[in-house]
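Paired with subunit B in one complex and with subunit C in the other, subunit A is shared by the two complexes that follow.
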Partner chain A sequence: MASLIGFYSLVFGICSSVAIIIFSIQNFRNPKKLNEKILILTFLQFFLVTISFLGLIISFVNSDFSNETVFNHSHTTKPLFYKISGSWGNHEGSLLLWLLVLTLFIFLFILKSGKQPTQYRILTLLFQEIIIIGFFIFLLKTSSPFNYIYPIPEEGLGLNPILQDPSLAIHPPILYFGYVGTSIIFSSSLSAMVVNYISKEWAKHIKVWVLISWIFLTLGILLGSIWAYYELGWGGFWFWDPVENVSLMPWFALTTLIHCILVLEKRLELTSWVIILSITTFTLSMSGTFLVRSGILNSVHTFANDPERGLFILIFLFTLIFLSLFVFFFFHKKETNNKSSFFLVSKETSIILNNWFMMYFLSVVLVGTTYPIFLDVISSDKISIGPPFYHKLIIPFLIPFLLAMTIGPRLKWIKSDLSDKFILIIFFIISLLLSLYIVKTLKIDFLINSILISFVFYLFFITLRDFFNKKYNNLSQNIAHFGFSLFLLSIIFNNILSSEVITNLKVGDTFKSEKLKIYFENITQKNEKNFESFVGEFVVENSQGDVFIMKPELRIYNQPNIATSEAYIRTSLFSDKFMTMNLVQNQEYFNVRYQIKPLMIWIWISVLMITLGGLMSIIKKNEN
Partner chain B sequence: MKIRVIPIITTIFFIIIFILFYRGLENSNIYVPKTNINKQIPTFNAKLYNSSEEVSSSKIFKDNQFYLMNIWSSWCVPCRDEHGFLKELSDEKNLKLIGLNYKDNKESANKFLNELGNPYDIIFSDPKGIIAIDWGAYGVPETYLIKNKMIIKKTIGPLDKNSIMEIKEIIK
Partner chain C sequence: MKIFKLLTLFLFLFSFCSSYAEQEKLEQKITKNLRCLVCQGQSVHDSDTEFANSVKLLVKKKLNEGLTEKKIYDYLKDKYGEWILFDPKFNKKTYFLWLLPILLFVIGGLLIFKLFIIRKN
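Let's look at the complex of A and B:
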């Protein structure tokens, strides 16, 4: 029943979208004020998709296995929480969620943009409706979440256990807020180009959407990383997996966009940058969907390998790309005003410099992700690109990037002279000495490391000092930049100082090394509703004589029958102690992996800080 | 009319990208390398694991006999997982197990075999991983079923219940 209602509200939903388009075209020809009907229809469209989404959730909660999606991804023994989150933990449901956010955002946009020119609002709505209808058709035609199966199965197939996790349950919605937010930026910039409304006011108005999308995207990526850290069981949090990459690419573009929008808002410059980035960001989000959903890439996130779906998204994606290219080349007017006003030492220059670096990082990730596909097509060679590729190409270029990030915010617009040069130099010398000392004591002999560390420290100290500097009052930016320096510091030291022990133990065994003693005390078995759990108890003693107990867990899920290992993590301000255990096939031994990971928690905190910077920027704007 | 070069180039660029993606869709699952079976095995000279005697592969692989060549290493965690299956296969009478110890150090490799047992009839050492490259290996573990100097089945990653069933089926 719920499925049926869900399906028909989708059908009515697409009808309302078509109605919106018709009314918008009428209204666009006669743009005195926005037709009331349009507002009501956008609400109706959102409402219908909500009903449909609720229908799906109810089917999941009731374990209605006549619904194919529920049958494939749920099971009666699953806890309620994961029945609900399971509704978007699959291809069909997640697309419905995507559509829900799309319709919500356009409704909010129409509601909140009352002060903007009517033609601009209508045209944004029109572009957005093209995207929405595309998704409607995609859902109904190739991936309906409401397919009926008969005879009705007794039991469902269950949700992949590694997805049964609280942070992963909210990871997709948050990420989608970010992705879909970029669609508003996309439509808005196209429409602003057509009606020639690229201006300081436009920048001011769209900045909020940019910031909101950016915050959600950042948080979404963070949640995914935290999940990977404790669930995938080897202590890493970023794998350069293609699907992580596709979320990182829009993030690069969006971060660059934030900075360009600022220049546009203050100086009415970099309009081409802003427009191209607005288009790129959304296109990258869409390409992400394409790469993940078409099965062209294989990864943990691949839901289904259905070429028909892939083909649809591909055509849809390129329709949008060509549409935006057309609008860009025919309507975009190059900025004609005072071009010569850029000086070498100015805020603009440093922002442009960093834009190019960001674009470079973006291209590295883009090439690393898509090149294997292209190569396979062209020459049938199969390569896989791993972390060393990204590290080698990205890390050296962080150095000038960091320098511009440290100095740039201290410069004024147009033309500037560096104030308090003395302090800047002093801080630089301190950072350099500190990093040399660290590199020496830790005996890392890479030149690049010491230079990188000194520049990270430099950014760290300068931003830290600026919190107490009255002359300098851009708090939101300072928090974000400080957060970034903290982020890099944590990652660098985490990488350098992590240590790991892998050993096979059975109950009663002890592992001994100079620094460490691990004693496998016992193992207890518990039966939970949907899995069997084995909890090991290990007594760990380190060289300082601290003794503590670690309890990693092994879960064997019944539906589907998959074993997962749940890491046991002891977090402190300075380091995480991380332990996982795995079954060794047909043996009484367990494979035990014990890791010490310094500063882990600071990686998460620093990302939250970066996000906080964005949040404060929105609040500050509202106060103004 | 002035010809606008940039729009044309951009459009062509995106059309090419589109075609590449489109073609890419046809051969999806690109990260599962093709199992290039029915390929002649490479000949190589390698040191035996237990002695430092160097032998040529042509003396080892005889015709009309099934061989299972397994690339393993003590540092490779999935190798531990598949070890039980290898031992199960070592009971098969008409199958000879040949190990290729890949980029390993001898001490930990010995420990590995002492702890989990040695299913292999012959082990070669490949300390630099060069022989594995000749075999076209993507990583460890990797397993090749060989008869008459031809690879008839290749398994990438650890063996599991299904793959040893298949192997048993073939050598029956």
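Let's look at the complex of A and C:
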């Protein structure tokens, strides 16, 4: 029943979208004010998709296995929370969620953009409706979450246990808020181009959407990383895996956009670049969703299994890209004020530098992620591209990037002199000495490290000092940049100072080294609703004489039958202690892995700080 | 800026020549650069499957036999294919992979440079 309602609200939803298009075209020709019906219809469209989404959730909650999606991804013994989150943990459901956020955002856009020109608002709505209808058709035609199966199966196939986790349950919705926010930026920049509204006012208005999408995207990526850290059991948080990269690419593009839209807002420059970036960001977000959900990233062949879906995605993407290029070439007017010029030492030059490097980082990730796919298609050679590739190409370029990030915000618009030269130099010397000292005491022989560390410290000290500098009042920017320096510092020291012990132990055994003693005290078994749990109890004693207990867990899920290892983590301000245990095949031994990960919590805190910078920027805008 | 970049490039190349003294660290480094073929997106070092464990032992054995890091990579590549290496070698299959980002960086720089020159004249 719920599935049926869900399906039909989708059908009615697409009707309301068509109605919106008809009314919008009428209204566009006669643009005195926005037709009230349009606002009501956008709400109706959102409402219908919400009903449809609720229909899917109810089917999941009731374990209605006559619904194919529920059958494939749920199970009666699953806890309620994961039944609900399971509804968007699959291809069909996640596309429905995308559509839901799309319709919500366009409704909010129409509601909140009252001060903008009517024609611009309507045209943005029209472009957005093209995307929305595309998603409706895609859902109904190739990936309906409401397919019926008969005879009705007794039991479902279950959700992958590693997805049964609170942070991963809310990770997709948050990430999608970020992704879908970029569609508003896309439609808005296209329509602003057509009605010739690319102006300082437009920049001011769209900046809020850019910031909102960016905040959600950042938080979404953060949640994914935290999940990878404690759930995948190897103690890392970023592996340059294609699925991760795909979310990082729009993030780079959005971060670039945040910076260069400032130039547009203040000086009405770089208009073409802002538009190109808006289009790029959305294209990356959308191809990202498709790439992850279609499975093409893991293997080209899964994609070919369902050619209809793949074909639709490709046609849809190309239509949108073609449409945006068409609009760009026919409607975009070049900047007319040719007199303006960029001086070498100015805020805009440093922002251009930022853009240049950001685009480089983006291209590294883009090439690294897609290259194996192309190579496989062309020559059927399989190669892997992992962390070493990205580190080699990104780390050296971080150094000039950091310098621009330190100096740039201190410069003024148009033409500037560097003030406080003395202090800047003093801080640089301090950072250099500090990093040399650290590199020497830790006996790291990577020369690149010492340079990188000194520049990160430089950014750290300068931004830290600016918190107390009254002359300098851009708090949101300062927090974000400070957060970034903290982020890099935490990652670098986490990388250098991490240590680990891997050993096989059975109950009663003790592992001993100079620095560490691990005693395997006992193991207890518990039966949970949908898994069997084995909790080990280890007494760890370190060289300082601290004694503490670690309780890593092994879970054997019943449906599907998969064993997962749950890490036990003791977090403190200075370092995380991280322990996992695994079964050793056919033996009474367990493989125990104990890691010390310094400054782990600061990685999360610093990302939250960066996000806070964005949030404060929005609040500041509203106050003005 | 130019000198600076040359300097970084030089230092960067230099850093690759430096080597670890201890075998354990080398072992870690090698196994972190190997893909666990039966898992999804994990290195041999981080994985605990039977496959990963056997490769770990294999790397240890080969190191004890006196093989260099590069030789071990070559050996594993012959055995399991290039898919197992996370750090793709620079050869005719990967010219584009390594050079394309750098090329884009240079093109971007030229574009920005053009923007300055044209505006100034």
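Rule of thumb we're sticking to: the second predicted complex is superposed on the first by the 613 of 624 C-alpha atoms of A that agree within 3 Å, B and C clash if a C-alpha of one lies under 4 Å from a C-alpha of the other, contacts with A are read in each partner's own complex, and residues count from 1 in each chain.
Throughout what follows, a contact is a pair of C-beta atoms (placed from the backbone, for glycine too) under 8 Å apart; a residue touches a chain by one contact, two chains touch by 3 or more.
Computed from a predicted structure; not experimentally measured.
Steric overlap between subunit B and subunit C is present once the structures are superposed on subunit A. Of the two partner chains, neither subunit B nor subunit C is touched by A:148. When both complexes are overlaid on chain A, the residue A:364 reaches subunit C alone and has no touch with subunit B. Using the contact criterion defined above for the overlaid structures, shared-chain residue A:373 touches subunit B, although it does not reach subunit C. Counting the residues of subunit A that each partner touches, subunit B and subunit C differ, and the larger count belongs to C. Once chain A of one complex is fitted onto chain A of the other, the partner contacts of A:399 are limited to subunit C, with no touch recorded for subunit B. Contacts of A:310 after superposition on the shared chain: subunit B is touched, whereas subunit C is not. Within the superposed three-chain model, A:325 lies in touch with subunit B and out of touch with subunit C [touch as defined at top]. Applying the stated contact rule after C-alpha superposition, one finds that A:591 touches each of subunit B and subunit C.
Overlap of the subunit B and subunit C contact sets on subunit A: residues 298, 382, 384, 582, 585, 591.
Against subunit A, the residues of subunit B that register as touching in their complex are 4, 6-7, 10-11, 14, 18, 20-34, 77, 80-85, 115-116. Here subunit A touches subunit C in the complex through residues 232, 234-236, 239, 241-243, 298, 338, 340-342, 344, 352, 356, 359-360, 363-364, 367-368, 371, 375, 379, 381-389, 392-393, 395-397, 399-400, 445-449, 451, 565, 582, 585, 591, 593, going by the rule given at the top. Residues 1, 4-5, 8-9, 11-12, 14-15, 18, 32-33, 35, 40-43, 46-48, 50, 81-88, 93-94, 96-98, 100-102, 104-105, 108-109, 112, 115-116, 119-120 of subunit C are the ones touching subunit A in the complex.
Within the complex formed with subunit B, the subunit A residues making contact are 290, 294-298, 305, 307, 310-311, 314, 318, 321-322, 325, 329, 372-374, 376-378, 382, 384, 502, 504, 582, 584-587, 589, 591.
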